[in-house]
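For reference, the structures are reproduced in the following blocks.
Each of the next two complexes has chain A plus one more chain, namely chain B in the first and chain C in the second.
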Partner chain A sequence: MATKRNNAGKRLQYSVPLPLPALQQQQQQQKQPQQQQQKHVQPQTPSTATNDLSLQRQSVSSSTTCPSSWLLHPLRTILSAALKYLHLQHDNTKGSPTTTQDLIHGEFHFSGASVWIHEGKDMEILFRQGFFGKGTLSRSEATWKERTAGSSQGVSLEEITRQRRVERAQLKMEKLVLAVQGNASALPVSTTPLISSNTSSTNASGFTTPVSTVSSVSQSQDPQLNNTVQQSIMPLTSPIGDDPEGVNQETVSSSSGSGENEEHLQLSLEEAFFLVFAVECIAVSEQKTSSTCDQLLGGNPAGVTPFSIQECWLRFAQASAFAGKPSIAASIPMQMPMPDISPDNPFIVRYAAYHHYRSLGWVVKDGLKYGTDFLLYKKGMIFGHSQFGIRVVACKSAAEVTSNTTHQHRPTGMSPLNLHSSPLSSTPGIFVSHAVHSWQWLLALNRVISQVQKTVILCHVIVPSHVSKQQLSHPLKALPLYTIVEVGIKRFIPEKNRK
Partner chain B sequence: MNADDQDDQDQQPDFRLLLNTSKGASQALPSRDAKTAHDPEAVLKEQYDAFFQVISEERRLQEKTLSRAVYEPELGLFRLTVNKGNHFVSMGHTLKGNIYLYPEEALYLVDRSSLLVEHNGADLDVQQTWSLCLSQLQDLTGKWDTTRAMDRHLAYAYLKRLGYVVTRPGTYDTRAVDIIPKTAATPTSSTLTLNSKGRWLSTLLWRLLVDSWNIGNRVILTGLRRWFDPLSDFWNKRMSRPLVANNDQLSHEQVLQRIRIIPTRRLVQSPEEEPRPHVEHQITKDTWKQKVDFEVYKPAGAFKKRQPGIPDYRVVVVSARSRIPTLEELGDMMEGLIDPAQIGPSSGPSNTASALPTDKGKKKQQPDWPKVLFAVVDGGQVSFMSLNNMQAIL
Partner chain C sequence: MDNLALHPKFKEVSDECVLFPDHAEQLLQVYLDLILAKEFENVSVIQAPVLGRCLIECTHPDTRVKYLILPAFVAEPWTVAKIECTFTALDRETDPRLNASAVSRITLGVITGDSTITYMNLTRGVPPEKPDSALTVPVIP
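Up next is the complex of A and B:
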């Protein structure tokens, strides 16, 4: 029950879906009736939340689907559009304009293709409300300071993992001791592999039957067995031994540098741009070049002017275009008026997919561990495992394809792939055994993903063929030109489907 | 998606077991000798010998289950002369009173020792039938190579052995009146009565009127917008604003609504909609039939040639080294399938909902996304993957 209450408390901390003050306020409003009631803490908030949403959804839908005759409708749209554009209509959803002081400050690092957040409170807000970013010295949430302060309550992920490892090591040791005791009485033992691998030094042959070896060992070579058991215990305890030492070292070092959080939160370019453009939560500026500059400015982040939305867009696109080639990137200065970016720029394509899934309400995180581009979580990382692994595929629009391939009518299974020219290879220069986007590749990806109970989705982002540079330079004009088509992959087993 | 998807299905059968049971040996498992159990060389040799022994057994056939067919080169089909057994309830199609078999069907039956093929007056043996059928598959759609024919046959035989009904698309289509594939079918002219002509004319006029009004609307709005846009952008600095400002008082749902600026598209279009705008080449109603290799029906269902019904799966045979289909190709293959996302939430999946009422609770009912199965063949192994046009909805 303590864990249940713990979990409920945890969920409350992470339940704000996006780091916007309006949503935080709503969260607080929902908290208050909750505090009055003692029982049923958990089911209360989701039900009230859904009530709110359903009401709002009804009001939104009613305004759009009211039956208007076909004569009045165009006139009405023209009028409302005109009024809205000239700002004569009162838009009551907009609050007071925000200043950059209200926003969280982030640093853009061109060579690392990331945005760094240094302030501790900001790191907590960004991660806990929407699961943005990753702490550089922690597993996911930036908990380094808490852990090294020595006063951790044991709730951080790293602490849980460490405790789990200690428990497992203890269990293994107990099993080993039991096995040794069991062997002394010459009973067949299930943990023979442990013993046989150690007694291979006593026996010359590689693969003899374990039972006979163990019995012989137990009868004659007890001191040697004790030695080998101790030898096997030693490698088990060394990982345990490391951790407490590591923690001790950290506490030693932290006591010398207390108050200095050496960790920062790292946002990927897509996350950062979402927080700049879609929901206004951070302001990004150029990274501070030297520490002396800091001292001069008094460490004032507001002293550096943040990028505008368009500037962010162009800079991020350029950073990802040069991501694999740092030497070239260093030599090219930032082309200020209009850098040359193409419609299939990796940042733009990935951002389109990221934005799409975020706009549906999913929590989108990096999927490098499973060979995908993104992972989709329903509510967040602490609420459950992700359901989908997304692989982003950029494809040309149909008009472009048909104009290029008018004479090719070969069926799909025919066109062989050139192994050395993989279009969007994530590891340029490294030879891949199968070409990207072959069936072999897809089967391998699906195998890995389904082993962890997820589904693969190929998110095709259709890149517009004829887009002007002017349109491409601003996300508000460029993004609606991209189209998303989702294709899900599943393995089909004929034997199982009602054979 | 479960862990049991990847269990023993993928392992090669142990031929020693097969040998043991065929000889009527008493032990169910090979005995665990102290000598050979952990000697991988000996185990391998045993399996090897068992394998060769099994496949070199002579095939025996019985006259009472043996059918006969004659190869007709002009059609590329096999005409059944002697009909034994109940294979032909779900195989072969009737032309001019005779049952004709496709090459893959004939090859499958010959492999099972249920059919004997005659050509030029002589009986063909198994090897000759193989080469004849594989070359036949080669000629059918142009420049295929033999690996493709072999892949196709492997997929076909795999499914047939499991009991599925596998047909070429359109075989049992009651609408098609193809007698000989080379001659074109003559269209029959339909006569309209006076009443229906008048009705047709009036609906045409009405549709013209409505369309022109809609187009006019769109033109006016876009024209106005084009004139307003630079003005309004300059006025309210729309370009420098984020989609949702920090101080906007919106609920979560409203925030999501506002940031949905990237359009999505479905691959499968419902038949009432206008055709996809990118289509430039002449699209006939059934182009998918040229891209899809087989239509597959489940073995449990009652399959009747007269009323085959909608096939359970469409199978396309591909080689493992080839490229996965582009969206256009996938859309072509899925043509004609029903998309539950476009129908709406009112009508759910047709038979799955009624068949499994107890599946509620934890698992949300998966809608019946339109999907195509791909039989990926590599080195003699067939794996099936389904690509479906889904939506990741929360």
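Up next is the complex of A and C:
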């Protein structure tokens, strides 16, 4: 009963999604009768596992050879978003900024390739209505201030957790010592060595009899065990305030005394652009303000204006391209016409996959700790563990590879791709990957993911090769050119897997 | 850098951020994570001019083990050669704390776009074998 109440409480707090634009909501209402006619299919990939399919879609498994396309369903979403965007632009030109005043303000960091949200209420809204972002000092939701607030009144939650961890470690050591002592007492005491004197060389090398070894354990504990236990006891007797360096004391006093929240919500570029492009609820700019867009629209003489959708698209792509070279990126000014971005830009490829899964209703989070690009949650990390680990692989279609090899001439005005292709699998005709991926890479990835009860999904983003800079300059023109192909990977061991 | 300067803890790492502006943001993020979230002790920033960036020395609050943490963004490419160059550069630093860690271990703090930080221990050569405390019985010489 307590669990049910807890889950009900979570659903109240976290399951209200961000309001979609009005046109998208109408499209969803139209999709509902179509969904009821679909048969229930055993989920193998996230595309087949979701219930938000509006149109028939074929997703690739290991046994099929037909690539899936997300053109039809997202096209409606994109068109509705475009119409909404045009309405917004029309409103802005008319000088009625009532819509943008409700937007959450985000601060774009080029070097960090991220967007920061500082306002507490905005942080709560973004996380609780879609699980967007992550608190910089928390594991998910930005709760650092609440967790450390008890330090001025008593013991904070963090301190309680730490004490429990220490107690568990101490208990574990005590059990280990008792277990070793128990083994020692169980063995019979004998004065004759088990190792015969014939093996003199063995004795000379330092081997000892088990009896004497066990007795040494019972009499004198392992100094490492002693040190570990004593070190674990130390934090209980010497609280943080006694720290000679005073670092933690400063932290505690500053955090509890000033009351300032030193944590912010950080959005990845994909999350931020989805909120700008698809949900239209945040405005991203490069300057920090202490409030929402009211200041931006209030005639700020500094002229801080939020980025448009196209500016966000280009800036994020540029930040992603120069993520490892901030010194080079700083020397490139942001100017129009657009900077040179390639179709296989990391941000564009990742965003195509992100948008694909978000539009299907999955909660998409970063998956670096599991060796993947994304993790998919059915409802959110509050409600359960993720089921799928997504590895995004950029590739291009085999037809384009064939045409490029046979026809050397490329039309002018196109941006040629510098591709180094090599086959990934023995399924010709679908795609050829960019980078070399070996079976060792795949099996290592599968091993890591399987140990945490998840399934590996290779999300191949087929990158168009013949695309103009004009098409790449806006997401409404660029995204429909990309195709998503999903492959689920799970190792089968005949001796063990009986299902 | 202007955005970072508005953070209340920026003054503690301002000198290092000014010296190495390309790595300022990742330094600040890992620094904040260590002192505020992980609550490590004896946290101090060490400048490594030969390496061209800063490292953070800290002590685990429970195990009292010292760590030398190198902040890096996830998009920064790392190769085996670059890792070897990093150890070599640390070996040439004048700070004795960096020399000591150059022969043993450094920890890479990898930061993603949503501020997730993953720490990876890098050991030069084969790391020493870790005895299993549950199975190993000490041997009397």
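Definition applied: the second predicted complex is superposed on the first by the 255 of 499 C-alpha atoms of A that agree within 3 Å, B and C clash if a C-alpha of one lies under 4 Å from a C-alpha of the other, contacts with A are read in each partner's own complex, and residues count from 1 in each chain.
To be clear about the criterion, a residue touches a chain if its C-beta (ideal position, glycine included) is under 8 Å from a C-beta of that chain, and two chains touch if they have at least 3 such contacts.
The model shown is predicted, which means the values in this text are computed figures rather than measured ones.
Colleague: After superposition on the shared chain, which partner residues are touched by A:Ile489: those of chain B (first), chain C (second), both, or neither?
Modeller: first
Colleague: Going by the contact rule set out at the top, does A:Glu262 touch chain B (first), chain C (second), both, or neither?
Modeller: second
Colleague: With the two complexes superposed on chain A, say which partner A:Ser114 touches: chain B (first), chain C (second), both, or neither.
Modeller: second
Colleague: Should A:Val363 be classified as contacting the first partner (chain B), the second (chain C), both, or neither?
Modeller: So A:Val363 meets neither chain B nor chain C here.
Colleague: Check whether A:Val166 is in contact with chain B, with chain C, with both or with neither, and answer first, second, both or neither.
Modeller: second
Colleague: Could you tell me if A:Ser320 is touching chain B, chain C, both of them or neither one (first, second, both, neither)?
Modeller: Only chain C is touched by A:Ser320; chain B is not.
Colleague: Which partner, chain B or chain C, is in contact with more residues of chain A?
Modeller: B
Colleague: Quick check on the superposed pair: does A:Leu137 touch chain B, chain C, both, or neither? Answer first, second, both or neither.
Modeller: Second partner only.
Colleague: Shared contact residues on chain A for chain B and chain C?
Modeller: 207
Colleague: Going by the contact rule set out above, which residues of chain B touch chain A in the complex?
Modeller: Interface residues on the chain B side: 1-3, 5-6, 9, 34, 38, 141, 144, 148, 151, 158-159, 162-164, 213, 217, 220-221, 224-225, 228, 231-232, 235-236, 238-257, 259-267, 276, 278, 280-281, 290-291, 298-300, 313, 316-330, 369, 371, 373-374, 376, 378, 383-394.
Colleague: Which stretch or stretches of chain A touch chain B in the complex?
Modeller: Against chain B, chain A makes touches at 17-18, 20-23, 26, 52-53, 56-57, 60, 70, 74, 77-78, 81-82, 85-87, 93-98, 102-103, 207, 209, 276-281, 308-310, 352, 355-362, 376, 378, 387-388, 395, 397-399, 401-402, 411-417, 434-435, 437-440, 442-443, 446-447, 450-451, 453-455, 457-458, 460, 462, 474, 476, 479-480, 482-495, 497-499.
Colleague: Chain C touches which residues of chain A in the complex?
Modeller: 107, 109, 111-114, 116, 133-138, 144, 158, 162, 165-166, 169, 176, 180, 206-208, 210, 212-214, 216-217, 222, 224-225, 228, 231-232, 235, 240, 243, 245, 247-248, 251, 254-255, 258, 260, 262-263, 266-271, 286-288, 320, 323-324, 326-327, 346, 365-366, 368-369
Colleague: In their complex, what parts of chain C are in touch with chain A?
Modeller: These residues of chain C touch chain A: 2-3, 6-9, 22-26, 29, 32-33, 35-37, 39, 41-43, 61-64, 73-77, 110-116, 118, 133-134, 137-141.
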